[in-house]
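For reference, the structures are reproduced in the following blocks.
Two complexes follow with chain A in common, the first pairing it with chain B and the second with chain C.
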Partner chain A sequence: MTQAPAKSLLVPDARTRARNASERRFRLMGMAAVAIGLVALVVLLVSVLGNGLSSFRQTYVTIPITLDAAVLDKSGNRNPDEMKKVTTLGYGKLMQTALIAALAEKGVDTGDLKPKEIMGMMSKEAPADLREAVLSDPSLVGQTITFPAFATSRIDGYFKGRVTMESAARDANINPEQLALADRMAAAGLIETRLNWGFLTRPDASELRPEAAGLGVAILGSAYMMIVVLVLSLPIGVAASIYLEELAPKNRWTDLIEINIANLAAVPSIVFGILALALFINIAGLPQSAPIVGGLVLTLMTLPTIIIATRASLKAVPPSIRDAALGVGASKMQTIFHHVLPLAMPGILTGTILGLARALGESAPLLLIGMVAFVRDYPSAPPEGLFDPASALPVQVYSWTQRADPAFVERASGAIIVLLVFLLAMNALAIILRRRFERRW
Partner chain B sequence: MTIRFPLLSALMAALACGPAAARDNLQIAGSSTVLPYATIVAELFGENFDHPTPVVEGGGSGAGRKKLCEGLGEATIDIANSSSRIKQSDLDLCNANGVTGVMEVRFGYDGIVFAALRDAPEYAFTPAHWFRAMSARIVQDGALVENRLRDWAEVDPALPPQEIIAFIPGSKHGTREVFDHNVLLAGCKETGAYDLYAAAAIGDEEAVKKEAEKACLDLRTDGLAVEIDGDYTETLARVQANPTGIGVFGLSFYQSNTDRLRVYTMSGVTPSVDTIASGEYPVSRPLYFYVKLAHMGVIPGLREYVAFFLSDEVAGPDGPLADYGLVPDPELHKTQAMVAAEQPMEPLSQ
Partner chain C sequence: MNDMRLTEKVVTETAKITARGVQVHYGTNHALKDVDVDILDKTVTAFIGPSGCGKSTFLRCLNRMNDTVASARVTGRIEMDGQDIYDPRVDPVQLRAKVGMVFQKPNPFPKSIYDNVAYGPKIHGLARGKAELDEIVETSLKKAALWNEVKDRLAAPGTGLSGGQQQRLCIARAVATSPEVLLMDEPCSALDPIATAQVEELIDELRAQFSVVIVTHSMQQAARVSQRTAFFHLGHLVEYGETGHIFTNPTDPRTEAYITGRIG
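Moving on to the complex of A and B:
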């Protein structure tokens, strides 16, 4: 028998070195995984913010416009119903005259541009806005008002760097002389780029006027759907969980229900869309494109999430609380509503908010129920408004990315930013609720 | 907890009475090619009439026509946009569901253009070029052989030497039908492949024709003919990723992106609103929408919308639709008269 060679504890042997090395490798792999995730996030944020932040600013042409009573209100009654006969075409002519006059007054050289080309720098939405303003306040007729009107998306793109002189030379929708005139108008203070709240409040617009497109209808539609989801899924989900967790006997049936709820949570969302089309639209006869139908689909989708979260937080309430309540003579009902449910509330709310956040970003089921649509009228106030057509934030992103005009790319990214802000706010609220009210035993 | 229940009961009340209230906005669905035109008209309609802005959905021509034929009533759509003509199967479905009066409205034409990035070389195409580049089999020394051409210069020495790669619309697109019929089939006949297919086919005259036409439309499967099932924005993205690629676009899409794309001639004609209207440019198709006549006078604004869509100031040569790339229909006045008479469409002659 030979004696093993003496080993020092201070000098690691081969096996220890190998183990240490493998630990270092694992650590590095973990760091690499985190780094990849971070890089992906940064790339995503940079591209979305880089493309989309500019959609919150818009280029306006601000000119004084004389609202000529002889054109706008021939009868002189200032009666909006009669004044409606003047279409946007009539207002367009008025605006063209005002624009040319304003250029002449400021001494801006218009070069060889024809009046139609100069007017072509204004958005087609501008006369419609002017008409709207006049019809809602007929007393404006006869006055001279200073009216900020949208410039077209190409002029807007020029001031944001998307359109250049070289690209304009090849572009059928704008020419370099118009851009040069835009520069001179900016120098004269007629054109400026400033914050555009309209991006959040205005409705969608057609391909001829991307500069006027906004998220107003989509935000309202999403909000309405979230109201429906909250109002339906929270009570139903909580009631179902309380029954399953606290009252139901444990047998084969409840096991089956439990498995099915877990399975439902994993069903692809488009399947819920098909179900909704058959059930709510074809059988129940609810209207197409309406937030109520969208809300009902998303409720179906969110329910399993809420039930699972609620059951988990009910389970986390220690049995001693229940025992104590029952021990001093509370009924089962009283135990649940006075003691268990309040303690489980932070967990339930967190689960609900996360479920809502998921529902807010969902677009696939809405495809089938007609919410991926061009909707320009705001839905009225709930509850009637729930049946009016509306759009939703994620589907607005989808439909803008399909439009031909490059200006819609910027707006789609802007819509993504708005959606991300809403999601972040909801997740932050969930974290705050959890931190604030959660109790540990 | 206390605020939830009033909200819930309000919702229940709304559920009970809501759907009974009459729908006052139009519902339109269908072709994504017609979608931009329909949104432009809807926007103007909402602005200038006392009716709310119609709700316009995309989803594709076939899906739109199917929705139109789902039945009558407020839960169904009023108008289906379509970039190809309605099919007998759609009309059968309509009849089965009680939708009997359908009015066919042709409001203009759409050109289909071949375009590439700005700095791509110059091509002058003919249908025969496209057939030789895209087809599964081509004619060589009087016989059909598998297509192994990889370069446009091999297709025709007059074309610049550049690798063949083309992004064509997928089979669910209305655009594809036109591409098949006006380009591939024309090229097939021009190069003589059609006659060879017809000679090989068996059966009566009708069967031979069908067989040969079908064989003409077989595309090569080695990855040089890429079918795009999405919309033109996807085609554009693919062309940008493959600078040697050539894409098939709608004229209106090209007109919105002239700063990035250059367009190629077909049989010596440059596509434009004028050359398509005159019929010189060979690749174009009519655009339609189909109106449910039973909803006329029931859904408020339907009659006005259809008349407004077809009015000279909208669909005419100086209207906003032409600005966007619609080729105006020279027979617009006939259609206007037909719409005024609310004349249902004749049975398809086939």
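Moving on to the complex of A and C:
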């Protein structure tokens, strides 16, 4: 069927109009897709930031405490080993006395509350913190120090709006009179809410002390695992890629290997967890919950990603560069290491960092190798520390969301923020490295 | 200029490379069929022929660049100075230092001009110390007629030069390892006429030091720069002889057809 040519260039014919309309429709659909993605991202960020930012601030009861030498150091020679005999109970009594004295001094009306109930507004972790501070600096004994002690999570929640008078009335852990007293203490300057670095440095805490829980052990554990992953997967991955891409003969075996690497990249991470459980813990006898095992399983997971990225960037190096190097008599190794690898470096680094970022956020395989355990002791410095029990950031998020106290929901969101900051930092590093290396003309 | 070539030709009629019965297969494709050629020392030899005729393939046999193509299989005998270059004892890396190559598209390393030229001497250990290396770089760039244009910016990236300068840099890079034979695979096909003229002039100068083998699609170029010409067609070496003879009085009808533009 032939059509007569359009009569005028100024009037689009039916075909042109239909074509333009379909282009407009496609453009709209694309914009809608992007908009949906952006909305999802905004909702995620608002909810995480809204729930989690408050976990970086904490409510403290700040009172002057006289560290009575007669109670804390009976022998009087400031020997920490002897002072250890005084338990947290002893420090608790000291704090209770100091708290009630401070309330009386500021003229805060304590109503009908018994001393035990007043003391109940302080975290159970507070006497332990005080004991820790005194044992690490025995010269404090005999002095009067101003000690910021954690308030309980209920008091903290009250100042953050999570706990109300109504909810307190139904709560076994707090009553409205205590909240009213907290208001009066805040007015008298005895309670304040401020930045809590402990959230990043302290270890996890028990179910009853969410105010004291921190990410210290999880951050260390994640960092140790990332070290293991980087140290193992980068050299192994790059070496494997160079061999497969540049040196290996192209035959049925290398095809098989190539297909399997692509498949491994798609294997669910929990399968790697089962493999690690069988291989590293049951057969090799490595300790459970240890960053070395976590690092090994994440290495297995990251290797296919790194190999695929590295092979792609090796492939992208123009063959003319290889010809040039071989043409002046460079050996195969010299060609690879002097010319091909430097040109492929930005791609390799980007792939590696993105692989690491994925490994950092991985939780399923870590659950299977016991990294979900409750760990309060910091792992020691590497390399021994790699065998000490530790936690990991994503697993910490998981275990905090499992706990009953709503204060842990706030902390889980806070941990997600920390995790996201780390991921963003790694992606930024990937971009910077890529720019830096590519600028070499 | 033509007279000078004639006089020189008489002095240097010794074969540098002898090829006998060379066959190349790429997988099932029989790319080169039974080629016999003597490449003369201190002579420019041009390989001409239509695309896919095997001239580049044969060129790449001469420095064993075909080794890098997994499917390529080379049979027959190629001798340089009487030694079989396909002998299992021959390390192609060592061979390529003696047989330099310049490619169709300028392919300088993404490094400085200095490093581009210094790379070959460095990996072959041709220079003792920095001063000697500097000297090699300078003489190589001078031989490639590039020294005056780049002497003030040796640290500048080689990829920042113009196309013609890049190709001369590649020639300098090949010259730096003091080769005995220089292979050029259509070295001017990516260059403009002025740069082409410069490179052609250069080829004529390089002939004084070693034999040059050049693959070209331009018959004018072959006529201008070479003393000997080989015409390839469909994998066969159809005719080989003095350039003047090939272009004025070809013996094979196929050569005549190609030269007059009837096949190609």
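What we mean here is this: the second predicted complex is superposed on the first by the 418 of 441 C-alpha atoms of A that agree within 3 Å, B and C clash if a C-alpha of one lies under 4 Å from a C-alpha of the other, contacts with A are read in each partner's own complex, and residues count from 1 in each chain.
Just so it is clear, contacts are C-beta pairs under 8 Å (C-beta built on N, C-alpha and C of every residue); 3 or more make two chains touch, one makes a residue touch a chain.
Predicted, not measured: the structure shown is a model, and the values here were computed from it.
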Combined model on chain A: chain C and chain B, fit or clash: fit
Chain B versus chain C as contact partner of A:Gln334, first or second or both or neither: second
Touched partner set for A:Val231, first chain B, second chain C, both or neither: first
Greater residue coverage of chain A in the superposed arrangement, chain B or chain C: B
Partner chain(s) touched by A:Leu343 [first = chain B, second = chain C, both, neither]: second
Touched partner set for A:Pro249, first chain B, second chain C, both or neither: second
First (chain B), second (chain C), both or neither touched by A:Ala324: second
Angular separation of chain B and chain C about chain A, which is computed from CA centres of the superposed model and rounded to the nearest 10 °: 130
Least Cα gap, in Å, left between chain B and chain C after the two complexes are fitted on chain A: 20
Residues of chain A that lie at the interface with chain B and also at the interface with chain C: none
In the complex with chain A, residue positions of chain C that touch it: 63, 65, 68, 70, 93-97, 100-103, 105, 107-110, 119-120, 123-124, 157, 159-160, 170, 173-174, 176-177
For the chain A and chain C complex, residues of the former touching the latter: 249-250, 318, 320-331, 334, 338-339, 343, 440-441
Residues of chain A defined as touching chain B within the complex: 84, 87-89, 124, 128, 131, 163, 167-168, 170-173, 205-209, 227-228, 231-232, 234-235, 281-282, 284-289, 292, 370, 372-377, 382-384, 386-389, 399, 401-406
Touching residues on chain B, where the partner in the complex is chain A: 4, 7-8, 10-11, 13-15, 18-19, 21, 23, 25, 27, 29, 32, 35-36, 38-40, 42-44, 46-48, 50, 52-53, 55-59, 70, 73-75, 77, 118, 231-233, 252-253, 255-260, 313, 320, 323-324
